[in-house]
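Note that chain A is present in both complexes that follow, paired respectively with chain B and with chain C.
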Partner chain A sequence: MVEKAQARAESENPIRIMPRSTRSTEGNKTGSWRYLRPRYEEKTAPCSAACPAGEDIGKVEMLTSQGLFKEAWETILRENPFPGVCGRVCFHPCEGSCNRGEFDDPIAIRAVERFLADTAERYDLKPLLERLPARPEKIAVAGAGPSGLAAAWFLTQLGYACDVFEASPEAGGILRWGIPLYRLPLAALQHEIARIEAQGVRIHTGRPVTPGFLRDLETSYSAVYLACGHGRTTALRVPGEELDGVGDGLAFLERIRRGETPDVRGMSVIIGGGNTAVDVARSIVRLGGEALILYRRRRKDMPAFGDEVQMALEEGVKLEELVAPERIEKDGGRIRITLRHMRIAGEEGGRGRIEPDGDRTSRVVAERLFKATGAEAGEAWYNPPPAGKGTVALSHCALSLREGRPALARGGDLTNGIKSVAHAIASGKQAAIALDTLFREGADSILSRLEACTVGVGPSLSMEIHMGGERRLRNRHVVVYGEINTDYFRYAPRMTQPRLVRAERARSFAEIDLRVSGNIAMREAERCFNCGLCDQCDNCHLFCPDLAVLRGKEGLGRSINYDYCKGCGLCVVECPRNAMTLEEEDR
Partner chain B sequence: MKRVLEGSQAVAEAVRLARVQVVSAYPITPQTHIVEFLSEYCASGTMNARFLRVESEHSCMAALIGAQSAGVRTFTATSGQGLALMHELLHWAAGARLPIVMAEVNRALAPGWNIWVDQTDSLAQRDTGWIQFYCEDGQEVIDTTLQAYRLAESVALPAMVVLDAFFLSHTYEPVDVPEQEEADRFLPPYEARFQLDTAAPCSFGPLVPPAVYMEMRHDIAKAMETALSRFPGIENEYAAVFGRRYGVVEAIRCEDAEIVFVTSGTVTSTARSLLENLRSRGERLGILKIRLFRPFPVEAVRRALGGAAKVAVIDRNFSFGASGIFAQEVRAALCNAPGHPPVFGFVAGIGGRDVTPELLEEIYWKTKNSDAPEKESVWIGLQEV
Partner chain C sequence: MELERSDREFMHPGHVGCPGCGAAIAMRFLLKALGEKTMMIIPACCWSVIAGPYPTTTLKIPVIHSAFETGGAVASGVRAALDMKGDRDTTVVTWAGDGGTFDIGFQALSGAVERNEDFIYVCYDNEAYMNTGIQRSSSTPYGAWTTTTPGKDWKKMRKKNIVEALAAHRIPYAATASISHPEDLVRKVRRAQATGGSRFLHIFASCPTGWKIPSEMAVKIARMAVQTNIFPLYEVEEGLHYTINTKPKRFPVREYFKIQGRFQHLTDADLDVIQKMVDEDWELLLRKAGEHA
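And now, the complex of A and B:
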């Protein structure tokens, strides 16, 4: 019956014409219709531009989300030799600039960095990094803190032999002596320093740099990088601060890090609002004492990390705001501090401007007092000379080029407005790029070279760009939230950092932030928009109506077949990450 | 086997019996239970078919065009706004000669939103090249759907089985559901005349120049003629298996009728009861139920109406600026027949309003008491506003 019906249908009702084409449509080169031209062009993620060390964070998160932990860790190391340190103590401006923050919550970038460092430590990973051929110049570095070690690390990768001279018996600087163990365990630091030494950096401890020693160095090295830090606590400029019982906050932390257990019975008063003040107070609580922080502005104005202040208060540290010490006196065996009360008289530079609150004063009596209002260079000559006369002030360091003498660069706390580990690393990197350019191309090329290595609008710099890596191909445009196609992302809560319980942390120096597992880190990294970066999601390929998006060998890399691309721009619109650009066609 | 089925399920049962291989649908209002039943049949394995839930009726028809081009039997159901959204692709399906079958539940178009019966949605698609059947009850729905596949596939044109919202789609009636073997005997597996083949790639529907396009369209016109001439034979085959026959039109006591109502859909059943009533009072009413609307059965209409003194067309639809659409078609069919009766057009039951026996009787007396139509269509049952 089927055949019969079919045959009848054909005879009575033929379909005489059915337009079909067996030829490929490739003959029709629709690319000639195009007046807009899409192209792959990676851009700059805001996190990477906000990171003083210029870490390629979008790529780090992408690799982490793919489980490529070693590659992710190496990506950090190209820009920062201290992922284990910065993954713990960095003030993470990256997270503040994260576009995801406008969607739900920023990526926990610091926690992912810490996870990668932990993973590398756990499996004793050895990084495989690009390294330039050896150079004849030798470079001396004074100070084995984060800035000096970073400079030596980068200079070694650039082919220079580096010697680091450190006054203390151990390397690490502020990381070794100034940050309490509950924030930065010794092993984490030692692991990073060991890796820096394994790259070929020679660290000479117990070798303070004096003016005489500096002259000696200048005879045998082609350049010197001075990064001795701010090791001396700033004076309060208050009568009585020289009295017995008035101590130096940094020195106190250093005693603990040397292994001592200072007597902190009774009440200790700490003057200051930075991380050092909070570290001193929390250390006192851990040693069994009571701690009271006195700060002349409000809690929200404190330069210390908000999280740290919150935890300090939870652990029993007391805080009194809007008081400034006026006079320090002996009161029997104790210390009596007269406080002048302050009030807020407006806002300036993002924090309260203060003035005395009439004549109001009060007194506090304590067993001892610690000064923690800031620090300065241990020796005046460490400080850079004023700019001009052979000294160039760069964004993160000062470079002195003197006729007939080796170049002298200064960096770290000696030159940075913000005294952070990340900024110290940025100084080391900038000094390394500047010196490398000086030796290879001459002094005149330094500024243009630094400009070429800038991440986004700066001042962060990229060593990968300086060394000719793929990152140099990125557009410097910093991707904004409106350029992300959020249709392709779903809301997901930010990971919660697991921590020691309060009772536990108030009586030990054990690290507070606990390790996180690989799947938590991967899930967190997956939240990342990877702003401006191609993760080969293939939206362009799927949406192209002309099959003009080609995939490279083994599925890697995408390109556009301009013979057929009509320039409709769908690929650019559907790119979730702004890794493509649509431009007018040149005609 | 006799079962009590909702009209929607009668469609679904016919689709199951037709061994449809791809069902595509957009599941939101104005969709009906039809695809709800089918999705369950597909999920449970009662039907060996892919159910494609798409993002719009436009995509739905596009998906069926793709599936049917690949050589399988397909189905969808829609209504009202959904059908309107399909419009562009209705032309494509017919032009590509794809015998897709669709159940179209007549619902009024918005605004204001109205999900009740009104034929304007399907009649607005009368020029798309789709065969259209209008059904009166649940049994006719199941039988027509099976016949629609036979007819559509034999002339390579798509077909629409149209049923009234609620009065038919949501009404439970006893329905004789064929056995699968019987259905298979009537409806052989689908064999595409042109089909996508990955072994011999080709594209369908490329650019066609004026020198060829007109012939393609003429082929479709011819296929519609063939559908009209072939349908009685298909119905004979159907009757041979199932013993039921409806015709392209059904003329009810038209031989001696003075006035003939032209009806479609469920209004016909109401008219049947009025007919009994009026006949018992000596009035000579006849009914011409139009079942096949595209192709329009001109000859059958002329034959059935030729002897009447007056014709009253009851339209549950309206073409703004003209008249009821069935009335237009009937007038067009009659105008070249010498001595044809005058055609009175009445518009009733728009947007789901009841068409009661009383309303139909009003139409009867209006027709009987007028010498000539006062206008092309008279709206019946309007309220004072």
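And now, the complex of A and C:
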């Protein structure tokens, strides 16, 4: 009976043998502890700041590593209409600035770009790009080289109708006539030009720009972009350079690109140290001749790409350093070049400063000589007038604003210190942004607009920023190696560019650099740190001790719940890519 | 990072762990791996506080707060009760700090695993009695400042090797893990869950407050402990079969010590002594794993 009574009493009035917590701690807003505040803030990768065209390389590599080849290719096209060209012939300053270089080896950025262009070509991809509504202004471009075509491409995206006038029978400029096929196959160039035309750019060939023609253009166009390049080889300024047998390197390359096979039997001498000199020499070897490059500085001072020089030497091209031509004379049917020997007398601007090595001279006898020491504008009036008097010298172009007349911009080799394809594209982009701003907001806004479109510390510009894309939200800070959390990266060798072997390339103009597979390109792109960019790796979410990093819908995007974030900063330090920032709480 | 991609969380925000608390991260990973059919015993430790003041709780699973020395015994009882009810699905876990494991709870732990009780004992190791004010424990490493080893009386004894002590009980599974290596940690928890009998996990959980480090460095420092071989990641089956999970490049220990306030008094000569200890321990581990340096 006693037991029954006790059981009844317990069921009516249960004894709590231990206290039990049932409410969550969510009522405790620990965010009030915080004096440092983390936030998502993408920054600028050094490669993109080093790229004259301001390509969003970190994003291109990220998309490539995810197999999103079309999106990666379109990301390039937003900043550069020539991925197939630049993927082959760019001097890739991006790779020199790559943070991965301090870890193991830089990303093979150029090779990945080439892969994306090849893929787009192979599958005949059509880019889907943002385009602004049509504008009333029409713009004329003189010169269908990389700069002129880039300007027309960007202006078309910005809503302008563009006509490009080209003196030669085909578009492409130096890309069409000055770069040998073994470096840049015709199909690759034609594909890019076709895409630019498909965008709406009209190219009129066989229309050289004369002062009269320029005046005509000014009557029917709102602005003119003059980008007719440096097509004339500079003089050597030595006696005898007008003799028979002394030729112009660029003209020689153009003859080959027109389909001729010039007679190059015997020894040819090439004066110069740039890519044109090396291209002439290598073309001569391919046509069965012998080639000797004479350069007044050392091999390591040559402006030509190191790889190209190396391959030229492997192919049998000879190189003599520290000699400058002093006199050119006839020697029977041949020519005799007297060379003054030079020596290094210090360093200047990253290369050797030279002076004559006493009275030392020597002679070389050859069948012919090619000048390849540089080029200049075909006509003196192409060159920009001195700054002031209505002409503003910008980093990559010169803009002349004249009362009552259409604006005239000059760019490409006419204005650039460094004559590269990437710089030519940079000119075209800068001119496009400047003209667009002129028409939309007036001349006074041009400088501030260009400043707003700068990638990192400049002078590279971004068209995506100008067009209001997401890239404008990034901090200009250029990420340095020390800001990468390298614990999240493994050492991995840089890809090796497959190439034709020496025997295969010696007698042929076939492209030397071979295609790479998607597998190799993806693996290479995966090596990229994606400096300053979020790739949704989830570290911030994973390591948060306070469950204060929330995933967005379908796992995409992250946000911080400041109700609970205590500001410990773990998410910022564990972010492998420096896509977050920790700053003092403002309260 | 390849880790439980689903968003399942068994912790609420709003807990009172210090900013950058390694023990809170360790708990998150553990529960993501174990899932909801888990019962937890928490003897006195930091987590007694982090789990929430009555009547609130940070955890979405049943928890029993137990006396300091009873982590092994209470778990044995909970397991027995579940067995009586016929519940074989629920995993019983003791979650204790280093004080409750290495020192105060050691006899109950040793007794429970000697009986091969069917539970997982997890020690999250922050290398001192942090919650009560940073007193040294037998887990505090050689060289460390604590409030009970202050000034020139810094701790001159080595850290107890708890995994070896447990392995000597020949339990089915013992392993080390670190909050800096989430995939490895989660894999080991799942493995422990799938194994029967007594299982022991030793999780390295940095403590910004007690170690005098910036809170944002908590994971970085835990990772450095692995990279320098100060805290090697390995598993022991049946007390016999050793598997070393990562073989780091053996970074010098110096960097690890230099950035922690609790080691600021150490001289280069002291660090040389510590380097020798670490090397010696690593060689010993390699020998046990049947490998040679």
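We take it that the second predicted complex is superposed on the first by the 566 of 587 C-alpha atoms of A that agree within 3 Å, B and C clash if a C-alpha of one lies under 4 Å from a C-alpha of the other, contacts with A are read in each partner's own complex, and residues count from 1 in each chain.
In this section, contacts are C-beta pairs under 8 Å (C-beta built on N, C-alpha and C of every residue); 3 or more make two chains touch, one makes a residue touch a chain.
If you're wondering where the values come from, they're calculated on a predicted model, not measured in any experiment.
Visitor: Can A:I17 be said to touch chain B (first), chain C (second), both, or neither?
Guide: first
Visitor: Of the two partner chains, chain B (first) and chain C (second), which one does A:E26 touch, if any: first, second, both, or neither?
Guide: In the superposition, A:E26 touches chain C alone.
Visitor: Examine A:T261 and indicate which partner it touches, taking first as chain B and second as chain C; both and neither are also allowed.
Guide: In the superposed model, A:T261 contacts neither chain B nor chain C.
Visitor: Looking at A:C537, would you say it contacts chain B, chain C, both, or neither? Reply first, second, both or neither.
Guide: second
Visitor: Contact-wise, after the overlay, does A:L547 reach chain B, chain C, both or neither (first, second, both, neither)?
Guide: A:L547 contacts chain C only, not chain B.
Visitor: Once the two complexes are aligned on chain A, which partner has more residues of chain A within touching range, chain B or chain C?
Guide: The larger set of chain A residues in touch belongs to C.
Visitor: Using the touch definition from the top, say if A:N519 reaches chain B (first), chain C (second), both or neither.
Guide: Neither partner.
Visitor: Name the contact category of A:T219: first (chain B only), second (chain C only), both, or neither.
Guide: A:T219 contacts neither chain B nor chain C.
Visitor: On chain A, what residues does chain B touch that chain C touches as well?
Guide: Correct list for chain A: 19-22, 25.
Visitor: Given the complex with chain A, which residues does chain B contribute to the contact?
Guide: Those residues of chain B that touch chain A are 97, 154-156, 188-189, 191, 193-194, 200-208, 212, 215-216, 219, 222-223, 226, 230.
Visitor: Could you pull out which chain C residues touch chain A in their complex?
Guide: 1, 3, 5, 7, 9, 11-17, 19-22, 24-25, 28, 52, 54-58, 179, 182, 208, 214-220, 223
Visitor: Considering the complex alone, what residue numbers of chain A touch chain C?
Guide: Chain A residues touching chain C: 19-30, 33-34, 485, 487, 537-539, 542-548, 551, 555, 561, 563-564, 566-570, 572-574, 582.
Visitor: Would you mind writing out the residues of chain A in touch with chain B in their complex?
Guide: It is residues 1-2, 5-6, 8-10, 12-22, 25 of chain A that touch chain B.
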